[in-house]
Each structure stands twice: as C-alpha cells, then as structure tokens.
Amino acid sequence: MSGNTFGKLFTVTTFGESHGPAIGCVIDGCPPGMTLSEADIQPELDRRRPGTSRHVTQRQEPDTVEILSGTYEGKTTGTPIALLIRNQDQRSKDYGNILDTFRPGHADYTYWHKYGIRDPRGGGRSSARLTAPVVGAAAVAKKWLFEQYGTTFKGCMSQLGEIAIPFESWEHVPNNPFFAANASIIERLEAYMDALRKDGDSIGARIDVVAQNVPVGLGEPLYDKLDAEIAFALMGINAVKGVEIGAGFRSVAQKGSEHGDALTPEGFVGNNAGGVLGGISTGQDITASIAIKPTSSIRTPRPSIDKSGQPIAVETFGRHDPCVGIRATPIAEAMLALVLMDHALRHRAQCGDVKVDTPVLR
Amino acid sequence: MSGNTFGKLFTVTTFGESHGPAIGCVIDGCPPGMTLSEADIQPELDRRRPGTSRHVTQRQEPDTVEILSGTYEGKTTGTPIALLIRNQDQRSKDYGNILDTFRPGHADYTYWHKYGIRDPRGGGRSSARLTAPVVGAAAVAKKWLFEQYGTTFKGCMSQLGEIAIPFESWEHVPNNPFFAANASIIERLEAYMDALRKDGDSIGARIDVVAQNVPVGLGEPLYDKLDAEIAFALMGINAVKGVEIGAGFRSVAQKGSEHGDALTPEGFVGNNAGGVLGGISTGQDITASIAIKPTSSIRTPRPSIDKSGQPIAVETFGRHDPCVGIRATPIAEAMLALVLMDHALRHRAQCGDVKVDTPVLR
Amino acid sequence: MSGNTFGKLFTVTTFGESHGPAIGCVIDGCPPGMTLSEADIQPELDRRRPGTSRHVTQRQEPDTVEILSGTYEGKTTGTPIALLIRNQDQRSKDYGNILDTFRPGHADYTYWHKYGIRDPRGGGRSSARLTAPVVGAAAVAKKWLFEQYGTTFKGCMSQLGEIAIPFESWEHVPNNPFFAANASIIERLEAYMDALRKDGDSIGARIDVVAQNVPVGLGEPLYDKLDAEIAFALMGINAVKGVEIGAGFRSVAQKGSEHGDALTPEGFVGNNAGGVLGGISTGQDITASIAIKPTSSIRTPRPSIDKSGQPIAVETFGRHDPCVGIRATPIAEAMLALVLMDHALRHRAQCGDVKVDTPVLR
Amino acid sequence: MSGNTFGKLFTVTTFGESHGPAIGCVIDGCPPGMTLSEADIQPELDRRRPGTSRHVTQRQEPDTVEILSGTYEGKTTGTPIALLIRNQDQRSKDYGNILDTFRPGHADYTYWHKYGIRDPRGGGRSSARLTAPVVGAAAVAKKWLFEQYGTTFKGCMSQLGEIAIPFESWEHVPNNPFFAANASIIERLEAYMDALRKDGDSIGARIDVVAQNVPVGLGEPLYDKLDAEIAFALMGINAVKGVEIGAGFRSVAQKGSEHGDALTPEGFVGNNAGGVLGGISTGQDITASIAIKPTSSIRTPRPSIDKSGQPIAVETFGRHDPCVGIRATPIAEAMLALVLMDHALRHRAQCGDVKVDTPVLR
C-alpha cells in the first residue's frame, strides 16, 4: 500500500536504492510449471543496463540476477520468485554536495518533505536504477505470455528532442544505442547527443511500445480498465509526463466517423483504439506512446534553495543519463508486459471459461 | 479486484447500468465527523447531468442522490456512505438494433468476447452514465480536502475538435455549456456542434484540470506515484485516449535546463512538473490534460460485423452525446479529487507526523 | 481498506446501519452467465431474519432483497451485483438511553474512541443486522459453487450455554428455531431460553459448519491460507470469540501418530485436518466450529461509565436476541461460502490449468 | 494476491523455501525516521531459531539477517526494507524418499494437487522455516509500536500435550526451552519430550500470547476487525488448528451478565473480551490462545498413497521438531505484532485526528 508493489494477481514488490547493497524484487502469483532460470531474465536486464554506450550513464553495473526462490529443478512452483541484483559500482561521494540542496526537477524536494529523511546517494529510491528489478520481473511475465498466447513486445524511440525518428523497421532497434527503428538517422542522433553532453544539458524523448498477439478480453472495467492500467504503469516510469493509447491526442481533432475502427470479417480497419475498447483488449496490437522529460540532473548550474529555504545554485556532478529516454524502451515494454500478465490472470479468475462463437478479429 | 472499486484507502465501489433500475456507489474510508448531506453532493451531480443543453444527450435524468448510510445527525461516522441514484428515463427499445452487432469504436465487441453476455441497453455498464456515482463520491472527497487543506479543483475544455479554446478566465466556465474558460468563442462552438449534429457525426475534445492548494508530500513511490495514479484515474474515464501531467508531451523537445522548475525562496519558477516530482506532490498546482475521443455512437452508418462474424452496416439511433468531452470536465475534476483524497489518507498513514523546517513553496 | 469489503476476487462491500434507511452490498467479481434472480437470494435471507420465533429479537423485518444491477435477462453479466434491503422496523427511540453511556461487552465504547461519533440507534453499524447483506451475497456464491463443483454448506448449533446438542441428523436443522441437528432436545432448549429471557440475561453458543464437495487445491499459502481466511471470516462475525478447524483445540493433546489423517486409495482415514493441509483444501469436508459469546445487550443493570467517565448503571431496553448464536448458523455458512468462492477464483487465476494424475481423495 | 504478502499498510512479502539458497522478506510501509539496524532484528530471530535445545530440530541455522534496503545512516527512510537470510544447513538428501509420496497431515498432497509441482526439500515453501522472515519483520513492527505507544508483546506455552502449564511468571519464559511461564514443571516437560522423541512421535501444544499497552481504537469493522485479523494471522501459522480471543470457547457457557466486562472509572473489571469489542481494541491487554497440532513429520510409519494413488507406508527421516509448538511462541507474538502495526497505520489514515474527552480505561 506504500506503493512498492505493482500488480494485483501477478505482483512485483521491489526494494533497494541506487547505492545500497542490492536491489531486487519478489514476484508473487507466477503460474506453476513454467521453465525458468536466470538465462531467461539476464538478456532483458542487459538491454536496459547502464554503461553500454557513451550516450548513457557511465556507471558500470553488470546487473547480474540471482533467483533466490520459487523454482525447483528449473521450473516455477507457484511460490514467490525473488530476484536479487547486487550493486557493484556505488560511488556515494559523488552525491555529497546535494545532501542539503534540492535539484530542480528532481525528487529531492518532495522526498524530503514527505519523509523528513532521504537517501541522497544517486537519488536513493527515486533513481531510474530501480527499473532493473521490474525489467527482470517482466522477463518472467513475457515468457509466460508468449508461451500461453504468443504475445510479444516491441518498442522504439520515435523522437529525440526535436528530432522525429521515422519508423523504418523493428530490425534496426537492437543495432543502435537509441532503440531507434531507423538506421539512417543514427549518426544525427549521435551528433546531437554529443553536443548536448558537451553543453552539460539533457533532453526529452518519445517512446512507442507495442504488444502483439494479445488475447481479446483483458481488462476490468470500470476502473481497472486495461488502458487505465497501462497509463498507470507507463506514467509511473521515471521522468514520464504523458501517455497516449492508440490515436492518443490526435483523437481530439477526429470525428467519430473517422476515429471508430470499422470491423470487417477480415479484421479491424485501423487501430485508433490502440487495441483497447471500453477498457478491454480487442485482440489488436496494443499501442502506446510516452513522453519522457529531460533528466533533471544536469551540470549546468540552476537556481534552487537549501534545506533552510535559502537560495543557492545547484550543479550536479556524478554519472547521469543525459537522456533517460535512451534506456526507456525496454522499461516501457516491461511495464506493458506486467500489465498484460496481471490482467491475463485476472481475466481467467472471473471469466476463465467464457466461450463465444464470434470470431476474434486482429 | 474485478475493477469496480476505485482507490485504496478512500474507496469508491460503483454499481449499475445505464438502463437498469439504479446506479450508485459505496464510499468506504471517509474520515468521521464531517458534516455531510445530499445538499453537498447534488450540485456536483447537476454539473454533470445530461439534458442541460442541446449539445448533449437529451435523456432526462434528475440524478437525485439519496444517502443510504454512513451519516448520523448530518455527520459522517466513519462507516460506509452509500449513494443511490434511481434511473428515471430508461428507454430500452432504442437499443434493440445493436443487440447482435458491434458498433465500431464501442465496447460492444470487447464486452461480448470477455463476458459472453452483455447488457445492450444504452451500453449497459460501459455507458458514461456510470460516471455519475463517481462525481457524487468525489463531492465528498472535495469537501474533506477543502476543509483540511483548502484544496480546490477547476477544469475547462481547452479544445473542441480543431478549435483551440484560449484560456481567458475560470469565471466563464459555469456560464456556457462547454465548460470553456472563454466567453467570446462560445458562439463558434455552438455553431460547430450544430453542424456536427446535423451531419450525424461526433467529435473529440481536450480537457484541462487543475488542483490548487495541494499539500506537499502526497504520492507513494515507486508504483503508486501520484502522477501514475492520476493517469490511471483520467485514462479510465470513458473515451479518454491520452493523459498529460504538467508539460506533458512538450517535455519531449525540452532541454533539462528549460524543463526543471527552478526553486526560489519565493516559490517555484514555472510548473513544467505539473505539481509532481518523483511521484510526490510538490505543493504547486497539479495540472493535467486529457484527450477525449469522439463518441462512437453516431448516426452515420458504419461497416461492422454481427455476432456470427458476418458483415453488416451499423447505424446508431437513440440519445447520445455528440461530444462526450462536453460533459467531461466535472468528471475529470472528480477523478483527480478521488486520487488526492486517497493519497491524503495514505500519506498520513505512513508519514502522518513528519515535520521538516524547510518552507513549503508554491 | 476501511474494512467494509470482504474478499479479494469475489468481493462483497456492505453498507448500512441497523436503523438507517437501508442496508445492502455490492458484489464484484461474480462470473458472468449464471442465472440469478431475487428468488435465489431471498430464501437464505429468510433463514436468518429476525422475528421468526420467541427466542430471537421481535423486530419485524421482511428483509426483502432487490437486485439493482449486474444481471441482464436473468443472468449475471460479470458486472457488480448490488443488493438493496430497505429497513422497515426502525425504532430509534428504544436506544435513546444509551447515547451517553457504554454497554459492557458492546462496541459502544470502542466506536466512540475510534471515531469520536457513533450511531446509537440499534448499535448502528455494529449491529448483527449487518449480517443480512452478507447472507444475501453468499447466496450468490453458494449457487455458483454448487453449479461448478456441487459444493454444499451445512451448519448447526452444537451447544447452547452448558447444554451440548448431540448430532443426530442434518434433517432436523430446518425444523426447529435453534438450527439444532437433534429433535429430542428442542423442548429442553426452549425451556432454557424461556427461563433466560425471564431473567433478562443472555447466553453463548457453539456453532458447527461444514462445506462438502469442496475442490482440492483452494487456498493461497503462505498467508492467505484457506484455514486462515476461514478463521478471519468466522471470527469477524458478531460475538464470535473462538474458531476451530477440524480437530481444533483437541489437537493440543493429540500425538502425530493420531492426528495426521492417513491416506488410502479409498480416501482419507479421518478428518482431523478439517479439510485443510498446509493452508490448501484437501477435497475432504471442511469443518469448523465457532464460539459465540452471550449478547451484551441485556436487561440486567450493569456497572459502566458515561462519556465523561463517571460511573453509571446501564440497563438495555429495546429488542435483542437473548442468544445471538441462535441465528448464527446461516451466517457462519455464508462466511464459509464467501471464503471458498473467493479462493475458487483465486485458484483458477494462478493455477487454472494444472492437471495431475493423482486421484482426488475424499 | 497469491497470498505471500501479510498486511495492508504495513506489508510483509516473504520469499524462499526451506532448502533454497535464501529466505527473506520485503517490508513496505514502515514509517520513516526510526533508528533501525540488524541489531534490532537479530535477537528476535535468535529466539525462534532451530538447534537451540535437544527438543527441537537439530538443523543448524544461524539465521543471520542482512538489511538490504530502506535505511540510510541507520534510520528508516520510508522505502521498502528488505531482509535477507541465507540458508546454511540445507540437506536435500534427507527428503528424497518423500518425493513420490504424501506424508499424512502434511502439505505434500495439497501442494501437489494445487500446483502440479512441489519442492520436496524440507517441505519447500510449507516449512515452518518460513516463519523466520516474519519474525524479522515483526521486530521492526514491535520497535515502532513500542516507541509510539509503549506496546509490548509476551507469550508462553500453556499446555504441552495433556500437560497443562500453570502460569507463574513471565520471567521464567526465557529460561527454559519451552517458553513456559513456570519453573517447576520444566523437568516434567523435558522427560515427556524425551520419551516422545524416543517413540518417534510428535505432540500438540497450546500457546498464549498477549499485547500490552495497546492503543484504543485499532481495528476496522465490519470485516477487517482486529480480532478477525488476529485470528487470520494466528491460524495462518504452520500447524495451528484453533484460535481464541479473550474468553474464547469458555464464552459458550457464559451468561451475558457474567461475560460482559463492566466498566468503572478505575478500568474494566475483567477481560473476557480479550481487549477487543466490536472488532476494535479497547486499550486493555489483547489476549489470544492457539492450538498447535502435532508435527506431521514423524518416524513412525504411516499408511499413505503415492503419486499414482497406490498404497504405501511413509516413514519420515530428516530433522524435525517433535513439537512445533515449542518454537511457536515468538512466532505467535510476531503475527500479533504485525496485525497491530498494520492497524495502527490504518487507524491513523482514517481517524488520525479524532479526540474525545472520555478517559481511556485499561
């Protein structure tokens, strides 16, 4: 209830701080009998981990995951699966100067007022480092969803600052440090980031994420609608300020005759819905976009106050991502996967045996 | 868990269908000792109710609320507050033609696949009529938040289709049927809606909503962040396809030196954060925007399929809002109020007695 | 979270006070497609209702239930089912003398300290009248469990004060006002109660309850064990002070060689387990017993204090059950049914498709 | 929701199996600012750990706890506190013979049917070893409750098999391996256990537990009553078959004039209520008793079946507690502490600022 558990039936409870001894999570509700080992989880963690290009934080973390429980002879038993990742590259000294001040745009000020105490080392609990356990947990969810329904997840950066990144092909995504679905624009993005880093500034980004082969019927109206839960999951990622499903804000200027995706025996015509109608999955691709704000930890000095309320200039040293959006794609996929996993279990709880003759459209 | 309860500590469980005998809700967790009667709730319901202008559905519902429990001699007792609203103007016959078909963009298809049965009368449970109990419950939350912290809620339509509605003053909002904070544009909006209705089409809208005098420290990281919960609440409103907090999607093209709101002894400089940092309220105004899609129930015939998967043209008769966005402002305020109320209680559970010397900025 | 919802997946949220306008509940999570009408619910309410013999409260309440939502053409739709019972026989004046005093053994004192306000009319929310909506909700659960698994529920009074009631046959239960599974002892029980009533005193009772044809595998270790949830459900009934599963307190003096129920191809030998091992149902009968304290509202004057802490003698008038245990049997069955229903849904969420070759023993 | 989290606001999510690499938990919701280190937790774990006398399992586990998160410079920060205990003395080979059979009275059979897979090493998840993380988490709760309210917890064994253990003084409890509040009976208990162990059998026990200096007003009627939650917590402990609050089953034969604890300006006269009225704490001592069944793992061969349903005799080797009740006292205290902690937070969420003039009785 203090907010460190994600999900209702497939729950992920995370713990840890950026520069504490370890981070990790407990996954509860995983169905029994699925083969699972660290080898299923590590690749997803590797996609997200820092230090893999000059455009992200240079902190060196192997993010090696250990499964502490929940499997027997390589299979899930239905009991909690604990994942442990030891922090390796803590550098508490880099953060000493921010102990008594508040970085603009950062959680320093709000944690301080809420708790009366905060762990300043690397942002403590508010660090994006805490997305690692979630990505690990989502690897378990992705595996189950794929084995049950063939569901897959994809994502890409579609905009970096003012640079729109036209979609060319998913196959480009793993081949560049930006998760861009475009090969020709990489050089421009590299140059842009190099200039930005030199300026000691940071920049926002837009990420698109898609789930394919989603079963029809997931989502619990009225409040735990699938799109509402996706919005919750994605807005909860560090630095996200906006979420769209399907046509998103384009819907504002659309007419009903244009927006509503027609149904034909061959499938839906269009996907303005983004795969969700009335809060329930249609079986089409689920499509969502998020806006990620620029990192608040920048080298450029900024006006702020200290703990006693006095004005002070804050300059952040240490290692930071100049664009947190660069590593956000696997995180967004992870959150989407956790939502679908949770709702897959919720759906079969209430409606497990519903059968209708109407064909499922895609 | 089937999704009909909103909130964790201040919970609202709703029930009812568009054309059933009644709609209502049970509010659990309201602090004891607050004066409360129907007179505190009815005005909010009146702001949302149908039939108040020619631009909304002509269904006539007084939406008279009855408090069934939870008060004694005009004060809350800490026990559940049940609100009952009897439906008055059901017309089941208007919906007979959609029993075996699926309206494009509507929940017909997904409810059918999920449950194997659906109430076709006015959309049943998926009708926007079900926002009435939520608005009623939020009136209770608003009252408590105002008495405790002076928190207030405002909202307005900022765009209707392609027509941007420049903000002039909050005082205009109650004086036009669109909740527009602008007096001079009303005539144009009226003409636009008249033409649209004549065409049998519908249109999207954008709604802005603000909470003022919010206490600092509300929100539960990591997952139940205040902005994540706001996104959940707003995306869960019927027809919403996008949610922004603060700068929203503008953050994508912002630099860190521009986005991060500087702190000064006189207050924050700017509010790109929308009043939330690290998932916790800053004490500034909380600002959010939503994109509302055009109503899917339109008179223009659309291609679809029937229950057996055969192609068919669907034309929707009956009474509908040609722009659901027109009545969405009080609903968006209500959802925001429920989120803040819930988090106010959650905050005092864990951190009730935290005190710091740092002044609260606005 | 304020405690007025029972269950996790099949949730029952109740509202109302003893002498308010109405009591009722919202059932969320009922699977779709089950036939359901008031006729399925009313008989269970009738078993519990007051005024049916001289040994219970003389308050006259027909407890007529109205289904407000969640069904369409006589079938559940998967949406919330709201039940409404209007109070008919409120007599607020009977309770005026207890507004400023606290009855020994009653919730007066604790509600007052917790909430700072209390509804004194008939005990307000703490009245056993609030078990009516639960019995109504359980009728829905019982119906589903019976249709799915053939599960049935039975209960009886096994002790009234110091009078043990030997079990003879379930068929006697509906034929006497005590829910005794014994025909020959009724006269003695009647005389006992008549004497007690004349003395203005009250008495405790013991109730046994059984579920039969329970599926194997229900229960969620470690904490939401089936027996733990049963204990929660039964101890939560008004006036209950003790709960046993299976051998209960007899286990204390048993040896392992005696207690552990042997397994044979023909079934379990004995049921000391009460149908639960490791927190999970075995498929055997689930057996539980509860201790019900004597009613605290008695005519005999008792020493107490008033609101200012001054000593005072309290004498309770009004209409009360001299033995709340007499009407407790259908309530205990109801709570047991709600637990099994909830766990049936929880089980199929996580383990829906588990199949083993080992035969199920009974 | 799969049942491995205890609590609503102060939540404890445990993980691990008896012979896996580690056990532990994540505590969420601990208020910030409390001093906390391993030294606060280890003593409670030491009270519970195995191998400390010849009357308990000879497994050697130091149960050394490591705090992985949630503190900064020795104080809680309000973020999740993860506790890790590495298993040291796993002996998987001892359990090989039970892989294909089901021990009578044990969770083997039900886990197998529920999950289709089970970890047979030491009972896997169903082992009483999993009470260690709970005891660790409860040490945190006890510390907070003591600092806030002076609340303390005590417990003792009051019966071993047929031997009643008269209460003499709490000071005897730490001085004997049985947690008996009696010095003179120890020799007899030792002899009894020695004989039992020689016979390869096991025995039940009764444990009493008390909380003192409990604030008035804890507990959430109607369903999450304090006594209902205590019953849930205590019945959920391995091997518990019965729970009593206050007078418990003695209430059955009591009259109202005897049971209801009179109130006087000097305090309550008696405590048949066990410190709870109407589901809410009175401020008196909270008193509860539990019945613990004899261990199901015994050396005496017992009839059972194997996975294919064939009859077989099961004889359990390995290291086991011949009376699990012997180590149950600190566990029962722990569960009681977790319930009170959770309800202390829940109470201040809804009713934090309630003040009445009526004095609090003890």
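Going in written order, the chains are labelled A, B, C and D, and every chain counts its residues from 1.
Methods note: a contact is a pair of C-beta atoms (placed from the backbone, for glycine too) under 8 Å apart; a residue touches a chain by one contact, two chains touch by 3 or more.
Note that the structure is a prediction, hence the values are computed from the model and not measured.
The chain with its CA mean position farthest from that of chain A is C.
Looking at C-D alongside A-C, one finds more C-beta pairs in contact between the chains of C-D.
Distance between chain centres (mean CA atoms), chain A to chain D: 38 Å. Taking each chain's centre as the average of its CA atoms, chain A and chain C sit 45 Å apart.
Centre-to-centre separation of chain C and chain D, using mean CA positions: 26 Å. The residues of chain A that reach two or more other chains are 1-5, 8-9, 14, 29, 32-33, 78-79, 114-116, 125, 221, 346, 349-351, 354, listed in rising order.
Listing the residues of chain D that touch chain B in their complex gives 1, 9, 29-33, 78-79, 221, 345-346, 348-352, 354. Interface residues of chain D facing chain A in the complex, by the touch rule stated above, are 1-5, 8-9, 11, 13-17, 20-24, 26, 28-29, 32-33, 66, 68-70, 72, 75-82, 84, 114-119, 121, 124-125.
In the complex of the two chains, the chain A residues touching chain B come out as 1-6, 8-9, 14, 102-107, 109-116, 125-126, 130, 159, 161-162, 196, 201-206, 216-217, 219-225, 227-236, 240-265, 269, 272-274, 276-283, 291-298, 300, 302-305, 307-311, 322, 346-347, 349-351, 354-361.
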